[in-house]
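Report on one structure; see the data block that follows.
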Amino acid sequence: MQRIGVFVCWCGSNIAGTVDVEAVSEALKSEPGVVFSTNYQYMCSQAGQDIIKNAIAEHKLTGIVVCSCSPRMHEATFRKTAAAAGLNPYMVEIANIREQCSWIHKDMATGTEKAIILGKAAVAKVNLNAPLTPGESPVTKRALVIGGGIAGIQTALDIADAGFPVDIVETKPTIGGKMAQLDKTFPTLDCAACILTPKMVDVAQHENIRIFSYSEVVEVGGFVGNFDVKIKKKARYVKEDVCTGCGICTEKCPMKKAPNEFNMGMDNRPAVYIPFAQAVPKVATIDPNYCNMLKNGKCGLCAKVCTAGAIDYTQKDEIIEEKYGAIVAATGFNPISMDKFDEYAYNQSKDVITSLEFERLTNAAGPTAGKLLRPSDGEHPHTIVFVQCVGSRCAACAEKGKEYCSKICCMYTAKHAMLTRDKYPDTDVYVFYIDVRTPGKSFDEFYRRAVEEYGVHYIKGMVGKVSPEGNKLMVQASDLLANKQLHIEADLVVLAAAIEPDKSARPLATMLTASMDTNDFFTEAHPKLRPVESPTAGVFLSGTCQGPKDIPETVSQASAAAAKVIGLLAKDKLTGNPCVAHSDELMCNGCSSCERVCPYGAITYVDKEFRMPDRTTAIRRVASVNTAVCQGCGACTVACPSGAMDLNGFKNAQIMAEVDAICK
Amino acid sequence: MQKVTSELLVKKASELLENGTVTRVLGWKKGEFSYDLTPAVFESGEELIKDFVFSDFSGANFSKYLIKETKKADGKVLVFLKPCDSYSFNQLLTEHRFDREKVYAIGIPCEGMADVDKIKKNVGDGIIDIISDGDRIVVKTLYDGDKEIAADDVKAERCIVCKSKKCVAYDELLGDNGEVIDSERFDEVEKLEKMTDDERFAFWQNELSRCIRCNACRDVCPACTCEKCVFDNPKSGVENKAISDSFEEKMFHIIRAFHVAGRCTDCGECSRVCPQGIPLHLLNRKFIKDINEFYGEYQAGAEIGSRAPLVNYTLDDIEPVDAVKKGEADNA
Amino acid sequence: MHKDNNAVRDEIIRRSGVNPRKCMRCGKCSATCPAYDEMEFHPHQFVYMVESGDIEPLMNSKSLYQCLTCFACVDRCPRGVEPAKLVEAVRLEVIRKQGANHLKADDIPALVTEELPQQAIVSAFRKYTK
Amino acid sequence: MQVNNGYQPKIVAFCCNWCSYAGADLAGNNRLAYPENVKIIKVPCSCRVNPMFILRAFQRGADGVILCGCHPGDCHYTSGNYYTRRRMALLFSMLNFLGIEKERTRVEWVSAAEGAKFAATMNEFCETVAALGENKRLEDLRCKR
Amino acid sequence: MRKCKTDALDAVFAEIAKSSLLYIPTDTEKGAEYKKWSDGMKMSNALNTVRSPKDFFFPQTEDLMEFKVNGKEIEVIDTRSEKEDFVVFGVRACDVKSFEILDRVFLIDPCDSYYANRREHSTIVSVACTRPVETCFCQTFGIDAAAPEGDVSCWKTDSEVYFKANTPKGEALLAKLEGITVDADDKDVTAQQEKTREIMKKLPLAELSADKFGAGKTEEFFNAPEWDELSESCLGCGTCTFVCPTCQCYDIKDYNTGHGVIRFRCWDSCMYSDFTKMAHGNPRLTQKERFRQRFMHKLVYYPSNNDGLFSCVGCGRCLAKCPISMNIVKVMKTIGKSE
């Protein structure tokens, strides 16, 4: 049986004006468990708190009810007061008799009656309260960044600069991501490589950063502060620590027919390759799908020419196990496949290309050494048609493309159009748009410059059909403002393909128990207030894996995610919210309902041995809540049919006691 | 009349016992009369030959027994699954209630089970024997000699509106697999939905007032597999044994139906076993119908591992107020 | 916008099963239309005019019959609007209007003579009672 | 609020801690009156509300039960109110199926900024329930002695 | 012996109802049920009611007392209601016998005053069976379906109804019916009885014998290996218990209404996992033990304490209602055979 003290606050006249505080404290005296009841002008004042502290000591109180303002105002205050008097802070309940009583009622009798009932409900609850202690867990002071694009790079650098070790896992042989493939960046037209590669070098040289390139995360266990991660380092058949990146092997390799991913397959690379000159790590990789030595044991030329002796055809995939305190997902994006958009003839003509391919075509390090030449015949194109919103903003019922706006296409198309007109003023450039969306610093100015200063033809309308005819592309399009159908004889058509999250994101989300939306973008913990955190504690989001965004936004989010990680790793111990779910193993039947509704992946199952009624033992599957991860929403408690799952601080019995008291 | 015979099943089971594939067999055991078969565990061919029966009265669904039986000993259990049983089987696997490795499941076709109460209503009291013969049933009676009735006339309600003749889980299938049927199982629910609030209340008040809280509906239900039911657990705060002032039985049946909502495969065992003849399956079917209408067709147990509608959501689910209105609009 | 227009619009929307509000005015339907140059009102205008209840001009326009019903617009519309189905629904509107002007279904029985072929009666009903 | 013969409807309002409870506080801050018949029980999230609590309230003499949570998409726990929405859609439909007046139960999404909506909702809900009169169909006579 | 025309039965009911409450079995959609008689209500011809008549004396739930809490004061309130006189008409021989079995539990010292109160105010009019069914086995326990006991025994023939008083209460009841009934010989009754007894001999369970069971046989049957297979498929529900006319176990529970506490008793079943749960736990942990308890109680323990009287009357309700068709007949045959 509890020994409960009731403290009714007047809040000056805020409460006492419409509630007879004396009557309330008197009425609550006779409630079960109540051994002391009083009222005072300002309970939250030092003097008021002293009354509480003294009463706790004098009457050996095991729980207190404060009838006062909203718990949102002073619950924390009174919990501290209780703790100072040696009472568990979770033995405090607040009856909200100000916001939800005195302030909304005018009549003293009404207000008093309601205040008494609210007080009784709080007393009924405290009678069933139990002391709660927040759980503590240690923090592994190391972060994992999954994805080595600009988002991952920035996050890793910021965390590392704060003094914490960081590992970057990148599936490609080099970090750099999509940004490394870009030519110039809008709206300033900086060269992408010029601003990215120094950061890549910083990463490579940073004492706190390790790069696992050509690797992927295969298993994630544990929870915030204590993740156990398995990383598969794929065999690259080159000893990373020995290779000097001199590139002789790539020159000598006789097998030069592998499509060059870095150039979007527009040219070929050798079977042993370094993706690009500034790759980090600058280490060769042998592509087992093309290497003759690995395929049929005939060749071995690279090993012969390698003076460092770095080639190792026997290398195997390697699993690395590491502990982390925080994980950042930075898995990035890809343009969508154009397979479902036959009308643009992407698969019929080499001269219909995506914008990312166009980037490579204009990049000095690209397949044409930066000269804008048609992929089909290497001729200079004179008429170029850019098509916007290819696969973006499609209705779900259209069953192709994505429903969202890809956000970056308007700006990069303006950039492409402008650069083309700048370098090749003899070119006619048409841009077909539905809307031009340029919110962002200096963005609209940039777009207007493309139109006004560079003479790009922006046409409100859409391309309906592209038909290759001879060496030309016949573009049939609508000009909605002129109310005309246009037929343009183009040399090159550039499609602003929608972007989608990288395919690796979905399985990763499953491993992280992080939630995703229907488009496979990671969901943020709160769309406005916690945009860089996943709902899963200890998992953070950086860059386009969370939603389409451009480079400045990506970098901001990357740094924000880093700040969150640093905040987490700076702690020695994590204190949890003690109001977490817990499962009564004797009643749990392991049905998985709770696990399925948990937004945080806090519930796992263990096979445990139990004594059965017939005195034998049997193994049963039961739920186990990770209190460090549980946030205490209670979704599981209702999903559980047997009532095995309950929520500390808001137990079934406590809520029902409140219901009973209110309905009495 | 069932298409597979007891003899065939006994032969199959004996073989599997003999070659060591299984160590025991869950089957229907002969009773005192022709209609009172009891679920039993058989451990030898002799036992099977002596007592195993598969007939129009083999209604009992064995899926739930597997929870207990698979834990009992090593070796596999042979279970015969009628199509509707196979859905329960999958649902239990979805909920990790038994180890699939310890079961050898044989899917068997089912032509629908007979309802002995219907037979009694049809031919009167004093049934000495019941012989199935194709689509006719011959009943030997104490007072009126032999009476012949059409099998269809005494088919159990749940079999008349059978939802599927397709076994969805088995290691081995006897005969050809059937199809999912577009049945009229929601007709009764719709009839109730079309009533006024007052009529519906009166209907359920009359039905539920007969409840004696024997818990047979719960105890037979393959979805009710809690280690301890909230209604048996004094700590749950809602434990009750008694029917009292017409509230407790409503609480019990509403919460029970809610707890199995999205998990109930509509096997109809609850109504079959109710000693008071309360049409409990209508509560479950109401939930199934609502789920189908609100969230898209969902059949619990159709596949292992599917996500039950109540542990799932979409961003644009129907609002509760519209859900209730929808029922109303359908009435109009 | 006239109230009657709304009634016609709603009927056309109901009949076609098309929701013109889904249109984001990209003009891809018009870009893709092989009969564009023949038309007075182009597919994207068609959708917009139905949406705004401006149906009379459509019914009076030859454009209605210049649509080849090739469904290119239906296939390529990124929003799934299905303009060709709207065209068909407006065509039906014209047929029914004409039917009403010409003959009411109720008038038919009086005109039936013994010599009249059964088929003619059936097709008359089919035509005038949609 | 008093309806004929001194009948006072009893209303239980479950409010989620993050949005609706704060919304109720805001109604108080702005002195927006709603009937004293409404008593609020704080839960961490609307998804904490078990159908058993709702039936329990009716058993114990409540005449109406309302659940308030964050607007869909705004749940503090990202998905809690989506589960609430499904659970309550099914539960309320079932109660209606049993002939229990559908106006006695309600779910309303109230954000922390919607003090006015909270007060208006409670006013309206109280009126609706008062018009229905006493809860007879889910009562437990033992609790009314 | 008195008799009246079958048509006059309505008048008989009306006469009885003048001075006391009257309950008769009447047909409903879901079988026969005892209902309070009202004008025009017809008596069911069904062999028996779905629920047994034990409810009249031992209702499923019953308030015993109430506590009111006022501040820190507790007031105890007696909630017992004085019972009116009532007549139960149309009880079959088996169910009549069940009252004796219940009496031996509730009326021995300390007497259950709630039960006794109802018994005192009741008059039982039995009715003889003429069309027993396959699930009947009352004769196993020495009950004669053709000669039911009760305060008044009654036989219905095609055209007439015969009454015979067995107790002073019965005589008093018949006295009230003097205006409707006339004196009669027992010729027709005897003929009916002979016919019924012939049918009884032909029933499928006619040979079932309880001879092997009875007082003092605990050792013999308690450890029988057959209990395992018999109880194997038992669901642990309370159907058999709750439809049984002789099962008399109950639980006493407190219900907190918010205004006070109601102490009530309700039927309990030895098949339930929390049956007789005590502070230390539960004495019968497995379904096998619980299952065995039920049948040992009926066939051995009860007779041991009650002069060899079995606690089963062979009404057959559990045979018809058990979800898995396991029942006392199967138990008797299996366990009995093993010895």
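Order of writing sets the labels: A, B, C, D and E. Residues in every chain begin at 1.
The working rule: a residue touches a chain if its C-beta (ideal position, glycine included) is under 8 Å from a C-beta of that chain, and two chains touch if they have at least 3 such contacts.
This structure is a prediction, so every number in the text was calculated from the model and none was measured.
K.L.:
I need the common contact partners of chain A and chain E, sorted by label.
P.N.:
B, D
K.L.:
Using the contact definition stated above, find the chains touching both chain B and chain D.
P.N.:
Of all the chains present, those in contact with both chain B and chain D are A, E.
K.L.:
Let me check something: if the centre of a chain is the mean of its CA atoms, which chain is farthest from chain B?
P.N.:
Checked the centroid distances; the maximum from chain B is C.
K.L.:
D-E versus A-C: which has more C-beta pairs touching?
P.N.:
The comparison resolves to A-C.
K.L.:
Report, in whole Å, the distance between the mean C-alpha point of chain D and the mean C-alpha point of chain E.
P.N.:
47
K.L.:
So, what's the distance in Å between the C-alpha centres of chain B and chain A?
P.N.:
Whole-Å distance between the two chain centres: 45.
K.L.:
Where the centres are mean C-alpha positions, what is the separation of chain B from chain C, in Å?
P.N.:
52
K.L.:
Roughly how far is chain A from chain D, going centre to centre by Cα mean, in whole Å?
P.N.:
Chain centres of chain A and chain D, defined by C-alpha means, are spaced 35 Å apart.
K.L.:
Send over the residues of chain C in touch with two or more other chains.
P.N.:
none
K.L.:
Note the residues in chain B that touch 2 or more other chains, in rising order.
P.N.:
Expected reply: 230, 237-238, 244, 310-312, 315.
K.L.:
Mind pulling the chain E residues that touch 2 or more other chains?
P.N.:
Where chain E meets two or more other chains at a single residue, that happens at 255, 258-259, 273.
K.L.:
Strictly by the criterion at the top, what is the full list of touching chain pairs?
P.N.:
A-B, A-C, A-D, A-E, B-D, B-E, D-E
K.L.:
Could you please specify the touching residues of chain E with respect to chain D in the complex?
P.N.:
66, 255, 257-260, 262
K.L.:
Please give the residue numbers of chain D that touch chain B in the complex, ascending.
P.N.:
51-52, 55-56, 59, 72-73, 79, 82-83, 85-102, 105-107, 137-142
K.L.:
Show which residues of chain A lie in contact with chain E when the two form their complex.
P.N.:
Result: residues 30, 613-615, 660-661, 663-664 of chain A touch chain E.
K.L.:
Within their complex, state which residues of chain B touch chain E.
P.N.:
That would be residues 31-33, 35-41, 60, 65, 125-128, 142-143, 210, 212-216, 218-220, 232, 234, 241-244, 269, 272-273, 275-277 of chain B.
K.L.:
Show which residues of chain A lie in contact with chain B when the two form their complex.
P.N.:
Where chain A meets chain B, its residues are 518, 586-593, 596-597, 605, 612, 618, 620-621, 639, 641-644, 652-653, 656.
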